[in-house]
Every structure is written in structure tokens, then in C-alpha cells.
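To keep things simple, chains are lettered A, B and C as they appear, and every chain counts its residues starting from 1.
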């Protein structure tokens, strides 16, 4: 996807500006702080449950953007990691009685493991085939989830307890969970930004822009792709586990094609290859879906139209456009 | 008469033709000589409408070719035999031969083509790219003879070919010339064009630097050699 | 042991599997043709299949046009829609990164599926087997449903006819040449942009024919397009998109495999093609017939 995030000319180097806050450069730091304010203030105006759902999807979208925007691999099967992470977290909490922290960890690890296996299979084919393979693998996972006993089939896994975080914070209170999730989200954003701008992240971007040249420089391209894939899968599982704790259930929806296409749409709208694209995209898409929810099938039509509109006209996404105007990486 | 006036062309940001002027009289062979990168192939591509961004004018048959699509230019009776020969790998030799549609009456008959190029009839069912370099070159020329196009653009027809084959091609071009075709012959091989072309254009860095009549060519050969020297 | 050695059952399921295989072959054929010439992976291929089925239903319900009429008219309508889609949307993809093609056609698929859901609701619609094809054929050791025999025969003939046009006719030569080198083909005087439009239209019309043939034997619901296109993707990954013949053989073969699975390991039948895909990817990443890696 060499032209996706770099269709405009390369943006000016930021290294000169030595200002750093939590690893963010000036522009990004401002955005980050603005976002912190939004997080703190928004529960006054918007239902905390909805906001928490958005936060879970932001984490999911960051996971996906790492793979697409920074490594250049377009997966259409991330529902496999999201869904299986959700199921295992739910299962661990209900059947194994694990405390919430460990259950979330279990979901994350399981998704990462799945990512290792699927990534190893899918990376064997380039570009366009990669997308089709991930789609097919995810569909396979869906069918397995449909029939396998441990997922609870149509009913899913229910009554997943919120529990207490490290025995200190009682998460059954919505606001307590809200603040916990907010801290987690902000930490993930900092972590995400760090990864992208680390040497590891730079190798990923080199791979996205010119895989052959990177390989000729002696980089084990496949190993980096796989690593990126595993991180993306694990983070997706993490997001899904949080969502499971939030709503107390894990269902077939979590492992369906809808989830896979949703996370792609979020990134397309928000901005592929940006840090805050997943943030903006998640808000926009989830609010759109919330608004359209009473109109049933219209959601699908609108999603499709938004997809086409952004692919043809706003390929950079909202944050991407902002990046262009402000001439800085966001 | 084909007239190229002040032709500019760009590959992306790169300005490669800086105002080429050429006149190609009907029924004549005109050569375009220059080093690699001088702009020879670019000029041919611009003629055929295959360049992205161009400026200037190309007058032919009462129209400005720069405004037309490649298929429209072809239908005006101009045909390209490109530098890489562009034999289609997915097609057999015969399919390659018959692919270009007939754009005007008076194209060479298939029988005559097989007479001129017997290899093509023999190897008819082979994949196009299974032919040797020389045979592919013959096929590339034969292809455009069938269409009825009267202006032929031959881009480095002798590149990479053995001297024996080069002789064959020279003979073929002479035969075609005798039939009244208008030919632009792009080449790096000065010796090859010497007996064939009526007018020689020398191109360097995207502009025409000299124009020689056929009769002057031998006398001014040192000028030519200097231009083509690497 | 779920292993059932009843030969009749196995053969019967394999015939049913072959029916599915015909649809896989027709769809992967269209997908390969469109990808070969246009460089676009047409995620929307499934919804054109679905449109074929829904159009058959609508032609019957509103104009009283039966199966045979629909078999002729519906694909033409689908083709016309394909022309509009190519001119308005697909055409804009040629100048940008290939991966956007999959995104655009995904959006198109969602939009069309949404539209169908709005018009017809979430449930399916019924479509009867045409009277002339009801009943069964007795081949001695078993009875085969006549309609399904028709689908297999007609489907294979359709695939072979398509193969013939592409590989053995001058029209097909133009298509193959344009897949090799579109600029040169245009320089010879052929209007390639129009060729691209018509190729897209023909590819999706082929899917539309499949949809009409599927109507009497498959549940016609808005999700049928996406469901089948994902399987067809797996078929295409297994077979590779390099050869027309390869697409046909792989599609039919995987249909048979699916049928075999239904008879012997029914619970695995919905995933057997995906498992096959995994195996092929591990052993032979290029695909069975693929030219590209």
C-alpha cells in the first residue's frame, strides 16, 4: 500500500523540534491533551457506556492501523482476533473463574497466538491475496464459533462479571469502569505512538513503502510483518476483552464479518497511517451507527456509501486531511 | 505530411522533450538519431498519444494529434512498432499478427506478409514470446503492415539483433519503402540508416540539433558519430 | 463414528456439491477475468450473483416472466448495472493503489446489500424450480434431481463456452492482449476503456446467470452474495487467478470436496474449503494454477 498514507509529498522532518511530551511531538501533544480533556469532560454529556464502547473500538482501531497504516498489510479478518479474544476472556472469567485482569490477559494472549498462526499462513502471499486469505480465515473462525460448544453458539457467553481490578477498584460501578478504561485508553495511545515512532516502527514503514528495497538491505521482512501482525492481533484481543468486561457478553457478532469491515471503515474514515485517525474514526462511525440503529438495514447502505466516498475522494481520512493542512504528522 | 511543432513532453515532473520540430513528408523515410535518453522513444510515444503530459502541436490529416487518444491516432493511419517490440505473451504468433484491427484500405495482404516473413506462417501456433529476437522484430513489423496504416513508426528495430538479421530487416524496410509507406526510423545505429533514410534528424537532450539530407549524410558523418558517441 | 460408507449418500452429496462447485466456478471465472484485465478484486461479485437471483424473483413476481425468460433477461440487467458501476466507480480505481479496489468494491457490496435489505426485508424470498425441470433422473443405481443435473450440465457448458471465447477467439485475443499490455492494444486502434467497461459488465453478468440458476436451489436472501464470495475468494486463492481453465477446475473440484465432506464429516462441511486453502498455502503458496506468487 505504498501510496496510501504517502500520497502527498513527505511531510517535513520533525526531529528539529526537540519538544517531547510522553513521546508526542508538539502537535500531537496538543491533540493528546485536548483528547484527555474530552475524555474527562464527556461523561457529563454522553452516556458513559457508549463512550466506553468507543474507547474499546479506538484500541481495536489502533491495533488495525498498526498493521495497515504502518506495515501496509490490509487484513479483512480481524474479527477472528477480536471475537476469539472476547470469547476467551468471557470463558476465562465465567468458566475458569479468573479475576478480571487475568481474564483480559488471557483473551489478549489467545488473540495474539491466533495472530501468530494466521499471520504465518497469510503472509505467504502478497498484497491482494493477503486480504482475501485473512477474510477466508476469519470466516472459518466464524463457522467454528457457530458450532463449537465453548462459545455458546447463538447465545454467546453471558454474565461475564465486572469484578474488581486488582482487588482495589470495584468495576461494577459504571463510572469506576469508565475512569479505569480511560486511563487504559490513554496509556494505549501513548504506547501506540511509541511503537510507531520507534526503530521497529520505522522498519515497518520502510516495509510498507518499499518491501523489496527493505529486503535488499538485509531486513527479514517476513519476520517483521509477522511481528506486526501478532501485536495487532493481540491488541485487538485486548480491546475485545475490555468490551466483554464492559457489556458482560461475548457473542457471534464479535467474530462476524461486520466487525472486520467496521474496523477497516473506522480507519479509512479516521485516517490510515495516523495516530489519531483511529480516535476520530471510532467516534464518527460509532456515533453514525448509534444514530442509524433504529433504521436497521439503512446502516449497511450508509456504511457502503461512506466507504465508497472515502475511497474515491477522502482517501486520507479526516485526520489525514488535517495532517495535510497543518503540515505535520498526527 | 506529418508535422511536429515545438513538442514538449513530461514524465511526471521530469521535462524530457524541450520543443521538438520535425517534418515527415509523405512516402519518405525519415530517421531520428540520438543516444539513449535523447528523447527518441519519447517523441514516438508522444506521436502515438502514449505520453501523459504534452504541449505543442502535431499536425496530420487535418488534425492535431496531441488532442487525440491513442486508438484515435491509430485509426488515422499511424502505427507503432515499439522499442520492446511488445509481442503479447498470452497470444500465439498468428493471434499477435491479427490483433491490430484494419484501420484503412490498402493494407498488405496476409499472403504477401507471409511471403515477406515466412517464419511467421511456420511458427503460427507458438506463443508470441517463444520466437527469437529477430523473429519477434519481424512479427512486430508484420503486424502493422496488415492494418492499412500508411505511417509507420519503427523504434530501434535492430536493437540487440545479430548482423545477419539486421541485414534482413534493412532489406524489409527497403521493400516497404518502395511500396510507398511513410516511415520514421528511430535508431542509434548510424550505419543502418545511411542507405535507407531520405532525411535524418539528430536529437539530443530533447531537442532536434541537426537535420541532414540523405545526400549529406556521408559527408557529415563525423557530426553524427559525435552525437551518438557515449 | 461419523463415517458413513453409504455409497448412494456419498454420490448424492457429491452431485449436490458439484452444483455448488458450478457456482464457485462461474463466480471465480468472472472474478479472475475482471482481476486480470482491470486489476480490481471485485468484492461486489457476490452481490451481482445475489442480484441475479433477486431479479429472477422480481421478474416472476411483477411481470410473470418465468425461469427461462429470467435466465436471458436478468443477466442483461445485471450487465447494464455493471456498466454503470464501472463507468461511475470502478474506472476511478485504475490510477490508484490496487488495494483500494477491494475497499471500494467492499463498500459497493455493502451498499447494494443494504439496498436489497431495505426493499425486501431481512428474510429471503422463495423461487420455485421451473416445471420443465422438476422430477428426477434415474441413472440406474440412484435418482438424481433433474434440476440439479441441469445446473451442472448448463453450468459446465457455460464455463467451457467462456473459456473458449477467451482462449480461442479473436475477441478473446484482444482481451488477453489488453491484460498483457493495455497501452499497446490501444495504440493499435482498439478502444480499451470501452473494453474494460464491457469486461466488467460481462464478468458480473456471468455472476448474474449463476444467480438465476441458483434461485431455485439456494435460499435467496440478501446475505447470499457475501456468503458465497468469501468462499469464492478461498477458491481463487487455492486455484490462483492466472488461468481461466484453472479457475473452472478448482471451483468444480472444491464443490465436489464440499459434497464429500457433507457425506462423511457433515460438521466440517462449511469449513473444508477454508482448510483446503490453508493446506495449499502451506504446501504450495503460488496456488494450484497460479502464475503470480
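Here is the rule we use: contacts are C-beta pairs under 8 Å (C-beta built on N, C-alpha and C of every residue); 3 or more make two chains touch, one makes a residue touch a chain.
Here the structure is a predicted model, which means the values were calculated and not measured.
With centres computed from CA atoms alone, C is the chain lying nearest the middle of all the protein shown.
With centres defined by CA atoms alone, the chain at the far end from subunit C is B. Measuring from the averaged C-alpha position of subunit A to that of subunit C gives a distance of 33 Å.
Distance between subunit A and subunit B, defined via averaged C-alpha coordinates, is recorded as 55 Å. Averaged C-alpha coordinates put the centre of subunit B at 44 Å from the centre of subunit C. Those residues of subunit A that touch subunit C in the complex are listed here as 1-4, 74, 76, 121-122, 124-129, 131-133, 135-137, 139-140, 143-144, 147, 257, 261, 264, 268, 296-308, 311-312, 315.
Listed in rising order, the residues of subunit B touching subunit C in the complex are 48-50, 69-71, 73-75, 79-80, 82, 86, 88-91, 95-96, 98-101, 103, 143, 147.
The touching residues of subunit C, counted against subunit A in their complex, run 41, 89, 92, 96-104, 106-115, 117-118, 122, 222, 226, 230-231, 233-234, 236-237, 267, 270-271, 274-275, 277-278, 281-282, 285, 293. Across the interface of their complex, subunit B is touched by residues 170, 173-174, 176-177, 179-181, 183-192 of subunit C.
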